[in-house]
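In structure tokens below, several structures.
One chain, chain A, links the two complexes that follow: it is found with chain B in the first and with chain C in the second.
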Partner chain A sequence: MAQEKFLPIQNLQEWLGALSREHRVLVPVEEGGGVVFRPFEAGSRPVLSMDATTSPKSAVFPSSHDLFRFEQTKDPKDPERVSLTLAPDIPRTPTVVFGGRPCGARGVMIFDRVYLGGRFPDPYYQAARENTLFVTLACESPGNTCFCHWVGGGPDDPSGSDVLMTAVEGGYVLQSVSERGTALLDGDGPLLSSDETTTKEAAAARARARASLGPATDLGPAQESLLALFDDRKFWEEVSEKCINCGACTYLCPTCYCFTITDEACGLSGKRVRSWDTCMSFQFTLEASGHNPRPGKANRLKNRVGHKFSYYPARYGGLLACCGCGRCIRKCPASVDIREIVIGAIERAGDNVREASNG
Partner chain B sequence: MPVLKGKELRIVGFLCNWCSYGGADTAGVGRFAQPTDLRIIRVPCSGRIDPLFVVKALLNGADGVLVSGCHPRDCHYAQGNFYARRRLEVLKRFLPVLGIDPARFEYTWVSASEGQRWQKVVTSFTGRIHTLGRAPRHADADLSLARAAAARSHPAADRPRLPGKAQNGAGIEALKERIKAELPGLDCVIGWQQGFDAIHHTPLFMRSPEDVDRLVWGPLNAHNPATYLAAMRERKVGLVVKGCDSRSVVELLQEKLVSRDRVTLFGMPCSGVADLSKVHRALRSSGADPDRVDAVAVEGETLTVTVNGTSHPMAMADVAAEKCLHCRFPNALEADCFVGDPLVPAAIAESPPADLAALDAMSLQERMAFWRSQMERCIRCHACRNACPLCVCKDHCVAQSRDPHWISQEDTVTEKLFFQVVHAVHLAGRCTECGECARACPMDIPLVALKSHMNRAILDLFEYRAGTDPQAVPPLLTFQVEEKRINEGD
Partner chain C sequence: MAKPPFNPYLPEIATIFETVQETHNIKTFRVRLDDADKMAAFAFQPGQVGQLSVFGVGESTFVINSPPTRMDHLQFSVMRAGEVTTKLHGLFAGDKIGVRAPLGNWFPYEDMRGKNILFIGGGIGMAPLRTLLLFMLDNRGDYGDITLLYGARTPDDMAFKAELPGWLSNPAMSAVLTVDREAPGWEHRVGLIPNVLLELNPSPANTVAITCGPPIMIKFTLEALKKLAFSDEQILTTLEKRMKCGVGICGRCNIGSSYVCVDGPVYSYARLKALPNEL
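Moving on, here comes the complex of A and B:
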């Protein structure tokens, strides 16, 4: 049963404190010039006025994680005989990610299809996901880089969130989305109250936010257009010209889920580490022979855009692997704009079709 | 159990094969008693010792590192130790900025016959490390120290100023005409255009006169177009450069990474660019969201940013990039075409850039905590490296090499800091402090401070500023038999 409760702003700290007794509560805090998710501690000042610099994905998909530790032990009587012990490390800490935006939580849905959807769910991701709740804050108005409504989301899109908060006069209305979200709100009775006026106020605020969005660009044709332009080298060279091939876009992206696995060993013991990888890197597709099917930045940017707007949707029923949060645009050192590339691709493919039919 | 277990410290010694290793052998043959803390690694020559060997050891748990080679003028390979001397001296001066006590590192010269001298060197160095005790680690640094250091206010030294008066792009039309005239002979010309919103400019690759019409000039042209140059060295390209950008080009020319006849440089006097991090901070302190900028206007020395209909005027001096406040070269140092009257640099503030000044004011422990707190935020996107005009290895960076395995994939403070040390050390004597590393950093880590510190050491040791003279040889690619500023020791 969905719940809507009012959290007065003066109770926020106490509520987070109460949550942190049983959970690792990650809140967005200012650090240096950025806003990052850090475990809540007394005195933490969550930044709720803007979206965090980093995405909340690291709660379920850390930037590096030890899959298991290994240790080889030599038999002192017969050093030729070596025994191996493996100690897997499945993340099961109950976690609440507080104060992200709906787009960030929506990003985790993109992960779910990949890591939980098939015949072989990823046990590490699964454990982390089952133990993590997302409490998100609905946006009031879009920023210059926001385009959530182009990709199927919205300022109050609840998909991916367990609890959706809406800022109202004097506090927040917390609306449970999932069953686990309902259970979370059931817990701390005295700090939360039920109040119909604030519930109505929140609904009005969310409606205002939806109305504040500009018209959405239809990205429907992107899936076909990007495939049609797959061999259009000139197009990809043009759009990638200013890209410097760093991984800022992929590592900040709430939906980029690629990883690499390495063994980090010292002597007879070590660990197998899974860490974020980025398709912007030369090493991403480097083959053992030395051949690299994606030698230049045009190939790599093509992959990033194509994956999000064509290959992933082709596989998962038309769903785009982009949540429209705009981090990749906002934080790109060269201000590469993924919206511009996708729109450009749709136009270019359209032009090609017209030319072909005329010629 | 060895009697010294628990009392021994971890000291790593890098010894050259021909002199110092022989010297250690002589000491052994002569039965000179020595402390046992030192683990010796034999290398062919002190010139083989990459300063990064030393930093890697110190960051990963060594309590001290000792390097020893043949006496200067006595190198088995004639010159190896002359190069080594410069590198190791630079390293010694670099260590404190990381929070590492420079006394934990020493370099010295011991010949194969000097068994007794070797005994003295080892005994005194080991004694020194025992006095210092176990080396603290960055990963364990007390973060409250970093917070305390950040909260300390710094007395404003001589207030830095911007060079000349803001230009507002006067002369841009003349510049466009010159570019259009040169365009037919060039593959492209790189400049800037308006980006996705009012506060962002973005690199522009001009191929047609219509492209040239999109060229803009002003304080939002923060990107260094020289970043793209090395990858395009096979082509004939034009570059619109600010004074600082031209220094990167000069450095690339010095290192023969690009050839002069393939580059056409267009310059205009620059009166400073805005640091968007500072603009963001100013906006957020007045409650405005930096992602909702509607308009930007530059008038005189004021940058006015409009957010949600509210104007936020900012003095350029308050939001200018740090490099601009210390700018010596507001005009391109190399230009085939320079439009406008060259600006005279303002009286240059002798105080170090703000980030370095803040580090200078910290104790070693505080610096260690500072870098821990900064590196915890690093996402390893390598934007710092890829934005750097002088990081020309790009796809083949040592950071990604598995053999040798310089850096692991673990997301730890030590690994991430070590990468920054790799960057700083590989740029020693080459970095022009264009600030792209810090500007590109999505997490706002003040990375340029490491390079500023390195450059200060280079200036002090070799009286050298990178990227100012196309004919000059970078200081770590050469040596003097008698080094004026390096004490040769006993």
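Moving on, here comes the complex of A and C:
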């Protein structure tokens, strides 16, 4: 059963305070010139007027965490004999991610296919996912780098969210999306019942946001076009010319899920750590022999774009691994625009086909 | 309490009980899982790989080069190349490592029943071929003629030296060895693998060729097989990529939409040609 509540703006702190008694509540706050998700504490000032600089993925996929600790112990009577134990650490912290946007929550849905849908579900992600709820704020006025509606999302896309909030006069209308979201909205306290007026107002606000979007570009042909352009060096060298391979795009991206595994040891004991990695780095695919299948930045940018718009959709029923949030465009120090690359690839592949048929 | 879900990142602890220094840079490890029940229950298919851990250093991927028909132990042969392999080379009998296995796909040995089998191995590329060769010898009646062409740069660079006399004299198979240049005491062929292959002139009729070795050898061996009129479907090879997770998640071993860690390492040449050109 869906649940709907009204949260008056003056009750926001009280509700977050109530949630934080049983959850780690991550809210977007200003820090270091950006907006990042941090645990709520009394006096936290959530920034809801703009999307966060970082994505909410860190709630379920921390930038770095321990897979397990290992401990090797020498037998004092026979130092040649070493015993070894491994202790995995799978946190199950009840968490609410508050105030992200639908694009960020959609990213989690894209993670789910990879982390939960394979032969071996990822137990760390699964535990985090089962214990995390996303209370997402529908967008009122998408920005000029937003293109969620090109990639299957929208300013009020509920994918990945448990509760969807819509800003109305004097507060927010909260609608549950999942069963866990319904449970989160149970009870009263700071949450009031919604009424016909607030419900209508919320629907109107969401309709206004959808209407404010420009026409959507169909990115469906990209899946084939990017494969057709795989060997077009000139195209990839042109579009990657500005790229400085910093990887900011991948770290900020709500759908970039790649990681590396490294060991940290002190003496005989230590831990194995999983951390975010970036396909924009030379080391990402560098083999021990010195061979690198993606030696240049053109190869690497091609893989990033190809993965999101061709390889991932090929594996997951056409779903694009891009949520259209525009973070990679806004924060790229070299002004690389992934939209231009994908559109350019579709056009170029089309031109090639036409040229071939005109012979 | 409910059993925790399977953790694909958590290695099994194994103990090395024997090592063989195959060449100056290849060392073979024979290991058993410390958990006797898990060792007894361990099942895999020829061609599948495992991740070996040196705790505090990291993991690397190696094929299990003992066959599933000989489950006394698991064998891995490691060429020293980077950090993990260098540390592995410093380990001996009694040392403990981590094993995450089996991972990946395997040779389609069921589809190969009744066919002639042509193995073409170069250097450390003999390792995955050894698994399938021994598996087939242990199921000899299921296959037609079995031929092995194994080459290395020099006689000293040949791995599995202890087994070569047995393969050469085994009436159940024929074996041809080659090195790149003449060497004192070398009584076998001299010449690059693709050239020797052309000299041998094997018939493609009802035959599957399985080739593994350094990239440059694979490139010219594929050309030679095409000259010999092998079809793309009759040629199998195995690929290597830098890997981390081994279970299709971490995102680095892909060639287009194919992930070598789960969709490979075994590919037919037909499948390989359908992938983007990014080896």
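Following the convention adopted for this analysis, the second predicted complex is superposed on the first by the 354 of 359 C-alpha atoms of A that agree within 3 Å, B and C clash if a C-alpha of one lies under 4 Å from a C-alpha of the other, contacts with A are read in each partner's own complex, and residues count from 1 in each chain.
Here is the rule we use: a contact is a pair of C-beta atoms (placed from the backbone, for glycine too) under 8 Å apart; a residue touches a chain by one contact, two chains touch by 3 or more.
Note that the structure is a prediction, hence the values are computed from the model and not measured.
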| item | value |
| --- | --- |
| First (chain B), second (chain C), both or neither touched by A:Pro123 | second |
| Which of chain B and chain C A:Phe70 touches, first, second, both or neither | second |
| Chain B versus chain C as contact partner of A:Val273, first or second or both or neither | first |
| Touched partner set for A:Thr262, first chain B, second chain C, both or neither | both |
| Contacts of A:Phe230 with chain B and chain C, given as first, second, both or neither | second |
| Partner chain(s) touched by A:Asn352 [first = chain B, second = chain C, both, neither] | neither |
| Partner chain(s) touched by A:Thr182 [first = chain B, second = chain C, both, neither] | neither |
| First, second, both or neither for A:Leu84, with chain B first and chain C second | second |
| Common interface residues of chain A - those touching chain B in one complex and chain C in the other | 260, 262 |
| Chain B-facing residues of chain A, complex | 31-34, 36, 49-51, 53-54, 62-64, 141, 143-146, 238, 241-242, 244-248, 250-252, 260, 262, 264, 273, 275-276, 278, 281-283, 326, 329-331, 333-337, 339-340 |
| Chain B - residues contacting chain A, complex | 195-197, 200-205, 223, 227-228, 277, 280-281, 284, 287, 289-293, 373-374, 376-377, 379-383, 385-387, 394-396, 400, 402, 408-412, 436, 439-440, 442-446 |
| Residues of chain A touching chain C in the complex | 67-68, 70, 72, 80, 82, 84, 86, 88, 90, 114-115, 118-124, 126, 227, 230-231, 257-263, 265, 268, 270, 272, 274, 277, 279, 284-289, 291, 293-294, 299, 303, 306-307, 310-312, 314-315 |
| Complex contact set, residues of chain C against chain A | 4-11, 13, 55-60, 81-83, 85, 94-96, 98, 215, 240-242, 244-245, 247-257, 262, 276-279 |
